[in-house]
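Pasting the structures here.
Heads up, the next two complexes both have chain A, just with different partners, chain B and then chain C.
This part shows the complex of A and B:
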């Protein structure tokens, strides 16, 4: 290759670098060959898919404290929707979207819970999928990230610590807030307080009277409800009894909200691991109430 | 089978009850009456008043005795009518015990307590026909699982698990036993409740006695968690009973003269291992074979969102003729989770959990419904997807042939203390 050709090629590459590619999540500028957004660490594959396939997926978020079961909930939701011959089916877009489902299901089948989601956004699992419904002609394009609970707490307590969380929740069309029913049944109120913090954070994030969070749908999901049968029977009563602060908050500030109960493990047991520490493991997998909150949210967002 | 057990066939005349319309008279009274009449005749002919007074006194005595006999006859006739009425309608709600052994046995048969009748202590008092009926019912309702060896304690992905925490597979020997062909249904459990099973303290474990009061249904009446007013939900009579704790399952089992199966017994009934060599005892993963077929059992994705009747899914029957071992409802066993060393983990729970087997209609993974998979639950938990079936050891039963009783009685052992499925550990 001659010298002129070399110069021409370099110019071409420089030209590509000169054009900034906006991140689909935070709209921050990135180069054309970036894998992760340099601003929020979201995978740039989301942007490339949106551009090449001419689709603009909407975002649904799943949030809650650390250990509340976000990874298990999302992983099971994906697996159930992709396996069940129901009126609602899920089809993953891109190989990276299957990782969450794969890891979660593999762990649960071994009667283990999946590993804790790391705080670093670049190590989170992101899901880009299509939701097919028999009564809709076009599939719904969705992005659902599996956020780390500790990162969420950090962001709520110290805003802008994790810009990706701020961007995601600003853009989300709806949210599923997971609340640990087993600790609430035990008499502790931490879950109540943290959920109130999350709700306040959402309201402050977007205070637009037309498109603010008080107008967006919020499904409040009591997880690990298999340990408290009364929660399954009437989640609203459970919320009034065990999370009075959160219930009052939702009643007064959120126009579209609904309570749900969900459980994945039929029962859990304490086990001593090989390192000598005690851990909790599921004894069997019996998903209950996983699809309902998601179905309600979809209907609210795309009604 | 139960159609042959028409109670009317076995109703016999109660001993001691006279035939209606007749008065039984003592011969002494007849003699006194004749003598008195003779005395009075002589006195009238001979004109001796002393003899005539004696004859009159004798006639008075006879009259009093006659009146007493008539009153006794009427009373016995009323009693006999009442007894016949009781025996002709041995309904479930009838808790009055018949006075004769055969009537009681017929009532127990109608309640499904045939195994109790076949205990050697009771069987020797039964008529040959009743004993045969009880035995026929046993073989109709329960399947015989032959004795043999079973390899337990190995996981399917043993190669991938740290061998230091995985227990070695070991071989256990299981004695012959009978296992219910179907899980206990709502209809059968209703009989237990109607006869006051929750009030019969002798049926319950000592430690749970204060807790029995808490085993109530939605209306606060003793019964499974999902019932109301002591009745099962309409249309579910042949569905397996659920919403019962381990203690309730154990109490019912005692009431019918059976017990809960041990872990290894349950696994042997399902996997049906065949001993090909000293170290080779392949057992099936599922009762019908080694490949999952969701059309043969009721688990998540099979198309049902709840329990199905016990006679459905007949294609999932085991080699021994046992239905729905896999799917529909989990089944309580008598085993304590982790105690037998069959699991690879070191479980540390404050409350000893009881093992459950077989998976339920909402069990998600196929590898959780294999014959080898073991899960567990708090023994007082009353879950919507846990039921049970009963077992009884062959050595605890008398045979259908009364002539064999003598030899069997010698080998009878106490139910609670006997090694129901004695596990003889052998090196794998």
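This part shows the complex of A and C:
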């Protein structure tokens, strides 16, 4: 007795691996089912989402040294923009884009600062979002990574240690550089030196005189400004007084730059932990000056 | 003897950086090696286990040709108060030192820990010295291998050995003690293969740390995602038994363990120390199989060990007799003046002594030498110990007593016999003083003053 049957050939699946998918951040080749880029460890979801858009997303970077408050700043910024029914609203694209906001808000609600961001890029939080503005018909597509400060300094000191940082900063349309105002007020000038290093690194990244970093917008944000009221009153004067090297660098080499002051915790306290070590905790959440640097950057990039 | 260099990778605020970085390194660590240590260094929340006692032993090559053996642990809250600090003490080990320990990083780590060299330092030291490490290790720890084979079963052990030689990278998923498992696996590998087996026993996998073998706990939260992302072959020790490959290296090694003839494995591994090639592994497999199948040699490990012990006992008896006769001869000889390294040679009046007896004089324990003839001196040394430590602890009467006791003991025994004790006293006093000086909170000025007084007393009487 003969019977006819149909057998599905699965060999076509192998053909999918023959087509390489370039990473959106570093353009490195990946397989179609890769979760993270094998070259720079950026999530491949960014690439798949970008492919579905007519207009490719732009990258805005938030950089600064370790402990300056990048995670808190970005998490709070996302939280504020996603809630406020103002002229600027944020919509996260993809579940991974909400993790940063979720972790930050949950930690602050427990009167704690969020855990340190690890150095390993595959464990960073990434945000892919749409910014809706009332005066723009089409939303703006944005990618913002939350990088580790140690990784940034390591890359600046030893270029190509973190390929993802180099690719990100080369492609970024603008950058927010975070500077710790509380340590500056305490008379330490480390932040001035670190920021000058970052600014020099940016200038060396792109040689093109038309599209180099001296033409791209840079917002310089003094964080933890709640511990130094004079910083809130006049960030420019604060920069001239406490970070003269950085101020001179920006004046001479960056055409578009502006100083801001921001603070998330209204007040902080030192607590002694169970192991006897001191830790800093926020006593209340009182965000100030969080949206302004971002709004200025958006206006500069899409003007 | 080539020194072992060291470095600490942790989250600290130092003059040159904040957060996770190489906070201090000994002078012999090259720039390239320092950079590699920073790249491989595990940062925040990198340990797979969440307990306070969790640790990872890691091993990987360095650009200079040396190897890094490191131990990663949690040390409590990190400097900025954002979670626990992950602290890694790295040892930069030259090839020849690793070879002395049969290319077994675990054996070397044990020796370094026993020497008190690896410890968690709450305060970042200004400098970290390189150090020489004595000792060696045998290629095979048969007791460990026997335990592992009885726990895992012969088939699993055999397939683990073969998979580790076959796949790069390999993730070993286990519910057991990863450190023991990894050490057991290394014990089964030819000596020439061991340096190429970079591994971590308890770190989360990362593309920045391309270890060849990674041990992962079965209960790791995102285990499937991790395995998928890192595209590593998986050897699941928790899965049902797998059929072992017949005739491969793993099979032959487990046969030697099961038949209690690890001495054969050890002897063959010793012979094969510098070779790495695949062909050599086949040759080694064939040779070991042939020895196991030979009917002539049917001794077990226990029999081999007993005969070895008897041989050693015989040798020790002879040595003891020789040393007794030497001691008797020495008592009959007139006492010689103290030997100093910088002193001129003593004019020889008789025939030169054999080199062995001079060595004995230089290296023998001073307390042992003194105690043989005058046991009351040992008591005096013990009294000195108690007084010094009480004085450092801040007891005023002890300090007063020490002011008379130290010169008395010094004149009775001489600086040569007290030098080692004095070094230990100074080290302890210095540690106490450092602790008081660097303390974050309330500083104990009384104790630091006591430590300082003891230091000055011990140094004042030092011969210039």
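By definition in this document, the second predicted complex is superposed on the first by the 289 of 303 C-alpha atoms of A that agree within 3 Å, B and C clash if a C-alpha of one lies under 4 Å from a C-alpha of the other, contacts with A are read in each partner's own complex, and residues count from 1 in each chain.
Methods note: contacts are C-beta pairs under 8 Å (C-beta built on N, C-alpha and C of every residue); 3 or more make two chains touch, one makes a residue touch a chain.
Note that this is a predicted model, so its numbers are computed, not measured.
**Q** After lining both complexes up on chain A, report clash or fit for chain B versus chain C.
**A** Fit: chain B and chain C sit side by side once superposed on chain A.
**Q** After lining up the shared chain so the two structures overlap, which partner does A:278 touch, if you call chain B first and chain C second: first, second, both or neither?
**A** both
**Q** Which partner does A:267 reach: the first (chain B), the second (chain C), both, or neither?
**A** first
**Q** Once both structures sit on top of one another, what is the angle chain B-chain A-chain C taken between CA centres, to the nearest 10 degrees?
**A** Reported to the nearest 10, the angle reads 100 degrees.
**Q** Does the superposition put A:186 against chain B (first), chain C (second), both, or neither?
**A** neither
**Q** A:84 in the overlay: touching chain B, chain C, both, or neither? Say first, second, both or neither.
**A** The answer is first: A:84 touches chain B but not chain C.
**Q** For A:245, decide between first (touching chain B), second (touching chain C), both and neither.
**A** neither
**Q** Check whether A:115 is in contact with chain B, with chain C, with both or with neither, and answer first, second, both or neither.
**A** A:115: touches chain C, not chain B.
**Q** When the two structures are laid over each other on chain A, which of chain B and chain C touches more residues of chain A?
**A** Tallying touched residues of chain A, the top partner is C.
**Q** Upon superposition of the two complexes, what minimum C-alpha distance (Å) separates chain B from chain C?
**A** The answer is 10 Å, the least C-alpha separation in the overlay.
**Q** For chain A, which residues lie in the overlap of the chain B contacts and the chain C contacts?
**A** Overlap of chain B and chain C footprints on chain A: residues 271, 278, 281.
**Q** Can you list the chain A residues touching chain C in their complex?
**A** Listed in rising order, the residues of chain A that touch chain C are 35-36, 38, 41, 65-67, 113-123, 148-150, 153-154, 158, 161, 190, 271, 273, 275-281.
**Q** Name, in rising order, each residue of chain B that touches chain A in their complex.
**A** Chain B residues touching chain A: 157, 162, 164-165, 300-301, 330, 337, 345-349, 353, 359-360, 362-365, 367-368, 375-378, 381, 383, 385.
**Q** Can you list the chain C residues touching chain A in their complex?
**A** That would be residues 11, 17-21, 35, 38-39, 41, 43-46, 76-78, 80-83, 206-208, 225, 228-229, 440 of chain C.
**Q** Report the residues of chain A in contact with chain B in the complex, numbered from low to high.
**A** 83-84, 108-110, 266-267, 269-272, 274, 278, 281, 283-288
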